[in-house]
Amino acid sequence: MKKIIKCIFLLLVTAIFLFPVVYMIACSFMSSSQISKMLDFANGEYKDLNMIPEMFTLEQFYQVLFRRPEYLLKFWNSVIITLPTVIGQVVVSSFAAFAFAKLKFPFRDKLFFIYIVLLILPLQVTLVPNYIILDNMNLLNNFLAIILPGTFSTFGICLLRQSIKYIPDSSIEAARIDGASYFRIFTRIIIPQIKGGLITLTLLCFIDNWNVVEQPLIYFEENSMYPLSITMADISNSDYGIIFACGVMFMIPALVIYFYGHKDINLSIYDIEK
Amino acid sequence: MKQDKYKKMAMKFGALFFVVVLFLTYFSKTIDNLLLPKVKVSDVITGSLSEYPDTMHTHYLLPLSSVVSEEVYVIFTDEKGEVTVNAVSVNICGSNDLYYEVTSESLFSDMQVVYKTSKEIFDGDRVYVEEGE
Amino acid sequence: MIKKVISLILCLLALTGFSACSDSTAVGTKNKITTYTLKNWYSISEGNSIWNYNKHCKDSDKMIEIVEFETEEELKNKLSTELMSGKGPDLISADCLSAAGISYEKLIDQGCFVDINEVIKADTSQDQLNLSDYNEKALQSGVINGKRYFIPFYFMPNFCVASQQELEKYINADTKSLSYNDIIKINDKINEEKSDKVISSNADGYIWSYVYDNVDFINKTYNFDGEFSSTAEKLKELKGTGDKIKEELLQEFVISPYQIYEYCAEIEKYGETARIIGKPSIDTDVLSAQMCGIYFINKNSAKKQDILEFIKYALSEKEQNDVAGTDIEKYDNTTSYYDGSYFPVNKKSYKSLMNNAKKLKYLDDTIKISNESVEQLENILAQISDFQFSQSTNYMTEVGSELISDYVDGKISISMFVEDLKTKTKIYMEE
Amino acid sequence: MTRKRKDYLTAFLFVLPSLIGIAIFYVVPYIICIIKSLYIGQEFVGLINYIQLFSNNTFILALKNTVIFTVVAIPLLMIISFLIALFLNSFKKILSFFRSAFLIPVVVPVASLICVWQVVFDDYGAINGLLNTLGIDTVEFFSSEFSMGMIIFIYVWKYCGFCVILFTAGLANVPKSLYEGAKLDGANSFQLVTKVTIPMITPTTFFVFLIEIIYSFKIFREVFALFGNYPNEHIYFLQNFINNNYYNLNYPRLSSASIILSVFIIIILLVFFIFERKHSFSE
């Protein structure tokens, strides 16, 4: 009996967390008239969260995929910005995290503390100096202007250091005795065991760069280089008709990464004994 | 192992999604133009049907099918090459089996008028101009 | 050995960093003066000083290059980042700043703009800019805590025109400028008489100008206490003409000299005497006007002298005559939109504007403005002492408009309205 | 070279790429920001900017609100995600979907989320509709003290998933033997948690705390979109202050406010760092 209550409670908690996502996906099948009626708060009666579309239409998806060529072009701008950043950050962070977690070198903990402090600096502060630096490296109006700062963000290092720390030192000492170089230890032992951490970092880093708004607005001059996230931000006050469909389409890549790795996310971080 | 099934499925779905979007992006312009109403246009000719034309206002000759309830659709091409239509009101002074004779303040001789359209068009719509008669 | 390598790399990086942050890097090598604007809202078009200057310029590299931005968000981010990092456009118009949602009065406090007096001193060309042959009071409003940040090219008086006989029924004869209480009194009387007249077509806009007048942006003061709430309650009820065509007591939409003449001539046609009176304001013995053609010079710009040429051109008698329309014979409000749009700052063209008014004919040549009305206009114009910005500051877009529209629609009560107004204005002012 | 020196070199080579990148794109801006906060325009003014800040009521208000948000939201998120992690751990066999289902909210793009929150929280939204049917008068989520509650809800809802996964990882590393030992001396389930679990996962809590602070900055994109740049006084945060000053081009004030913000966070981190040094068993 106790088990049933626990299951019900679990379903309830998951429902609360997933409700907005499901609601959003449901709204993407509604007609634009129903949505504008839903979002118009002036007419005085209370809104109910009905998810059943009055008239199930793919009109929104039809508008986004077929009738707005510039959205699709901007989708690829987002991909060009996000993919190199994610790959760069995963590679750089895994190397540095391994050093911070397992290798001894002078000032290690002090340097790591500086890395944490750098994480907390608000975005507005780094925008102007980065603008000057990128201008001096004449990287402005170039995709690298966002890829480089993104690759070297310290977030990945803190995250992966946490998962590498869970790997017991014994396995490394053993490999060290067999004369394996640190690099081989890194590739043979560390990487396979922190797949969960890598997937989580990929997902979170992907989401950060996928929804980037301020940097492209400032660093890019041409309008054609803007990623889809900027037009997404503009939609919310222009035509409501396509906001949910565009949101769903925008969410699919992140969901793909999530479903690809959602087993690993739990498995390898902690399941060493199990 | 069950775990790999998820991975393969996700990989396939991801690859499929990106390929579909790539295909749509490549053909996006063509698809968009395909779905636009196709129109045929003819130039606005100045002239008059009657022998002694009044010189106060310039008279234009427009194809019969272009004038609908005292209104004509004029096309306008912006710098990106996209064509939009604007409704222009005209007053009809005369007609024969081919043309209407009209006068209108906002009609000029270098404009082009829509006389045949595949779908119903409204003021400000984007259209695709088909060549030839 | 490793320590040496590390220290070498670190100081190398620091060097590149420091060299990057030197402030006064010249703005690009492009020789043209650049200015920013927002597409299709404040796009620089026919009749704008920059448009005329570009037409007037012979060699193309003296012309002003206009950079247009698609969205306000893009303009706002780019402008603020570039200005802060020592770059940005050379010429910044107040319209562009209000379009970008950047409060220009705060930029003036930061000292982002150049003191034009210094630029004039450093001017070596023959035709020096002599400030004395321009309207002193208008130019004085460009001087803020000792520095002249801009020279307004034109101004629009905050006047409205009414017929003396009508006005006498409601307020006493010699009031120089209306106050908000007068407006309320007039409105009550009109309701009593049940006459189908209405105060003015934008009567529902008084609540907005009432809030705006209570805030002084330059000295950062505001006053929403005392009888503010009672007046606001009454002003809320005022209704404009809406869609029904009603006879207006006050002609509010008065920007150009010729519009004033036209309304006066119309009133005089029915044998009544025209009365020019100040628009409703807080301080009734101060007559005010709105400045336009406000251009700041970016302190990072390397082309200050070229911009001075633009200012000189815009203030020249020929240009001011064109825009003020001093040589119009017959004014027909349907066609001549551009010429005759503002009051010039140049004293000579101001005089020729007034003389031309006397010769002018209207409305199929039947009526003409009487000389008394022109004199009345001249001496009331001379009494203008307060010149304000015509652009709505960021305050209205961010704080004021939302609160006022909620209040007017009845969503929030007067006490909530005043309380929110106070807290948000306090935050805005002290930021 | 001695073996120790060789190890240092390899370790250093591992860290080198990230060191260079961070030096250019993060350390130099931080230094520029500190320098600029000591200048107004061209001349050096020292700490005047900081003194001016503390005499500025808007800054004090923003600091007060940020402290309230940090003190309430971060521990709340930590407790909720810890409880959910414990709850998930108590299941013997569980679909892996449920473990990481909480991560999905992070994936939803901000623009569509704004619409959902507006429908839910507006004066005529779903919650107020419910309250109305129950007879309670409407709660203005957008212009009263409850807006702070609304932001905390959005923050907890969005970032709870990731903290749950971190806690699950931490819980799994607690050796089973400790649990058996505690059970032997008759500890009931509540003592089990407080005596054994919590001390053992202190390194994870430190890391979760760090992640929560980072994400408390990222939540502000939703706050700007929902409440605008000048929200009511209950939810005027340091991020609003910094963002508005960014558009007022007041870089000295902006940078000094950010330095104060980072100093405020560094102190908390130091306290945690020392606390973690003392109590960490797993190291």
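First chain written, first letter: the chains are A, B, C and D, and each begins at residue 1.
The rule is short, and it goes like this: contacts are C-beta pairs under 8 Å (C-beta built on N, C-alpha and C of every residue); 3 or more make two chains touch, one makes a residue touch a chain.
Owing to the predicted nature of the structure, the values given are computational and were not obtained by experimental measurement.
Here the chain-to-chain distance from subunit B to subunit C, counted in touching steps, is 2.
In whole angstrom, the spacing between the mean C-alpha positions of subunit C and subunit D is 45.
Rounded to a whole number, the gap between the C-alpha centres of subunit A and subunit D is 16 angstrom. Along subunit D, residues 8, 12, 20, 24, 27-28, 32, 123, 246, 251 each make contact with two or more other chains.
Residues of subunit C in contact with two or more other chains: 16-17, 20-21, 84. Shown for subunit B are the residues in touch with two or more other chains, of which there are none.
Chain contacts here follow an irregular pattern that is not a line, a ring, a star or a complete set. Of all residues in subunit A, only 65-69, 72-73, 75-76, 252-253, 256-257, 259-260, 262-263, 267 touch subunit B in the complex they form.
Partner subunit A is touched in their complex by these residues of subunit D: 7-8, 10-12, 14-15, 17-22, 24-30, 32-33, 84, 87-88, 90-91, 96-120, 122-126, 128-129, 132, 157, 160-162, 165-166, 168-173, 176, 203-204, 207, 210-211, 213-214, 217-218, 221, 225, 239, 242-243, 246, 251, 254-255, 258, 261-262, 265-266, 269, 273.
Considering their complex, residues 16-17, 19-21, 70-71, 73-74, 77-78, 81-82, 84-87 of subunit C touch subunit A.
Residue ranges on subunit A touching subunit C, taken from their complex, read 127-129, 131-133, 135-136, 214, 217-218, 223, 230, 233-234.
For subunit A in complex with subunit D, the residues that touch the partner chain are 6, 9-10, 13-14, 16-18, 20-21, 23-24, 27, 38-39, 41, 44-49, 92-93, 95-96, 98-100, 103-106, 108, 111, 113-130, 132-133, 148-149, 151-155, 157-159, 162-163, 165-166, 181-183, 186, 196, 200, 203-204, 207-208, 210-211, 213, 229, 232-233, 235-236, 240, 243-244, 246-248, 250-251, 254-255, 258, 262-263, 265-267, 269-271, 273-274.
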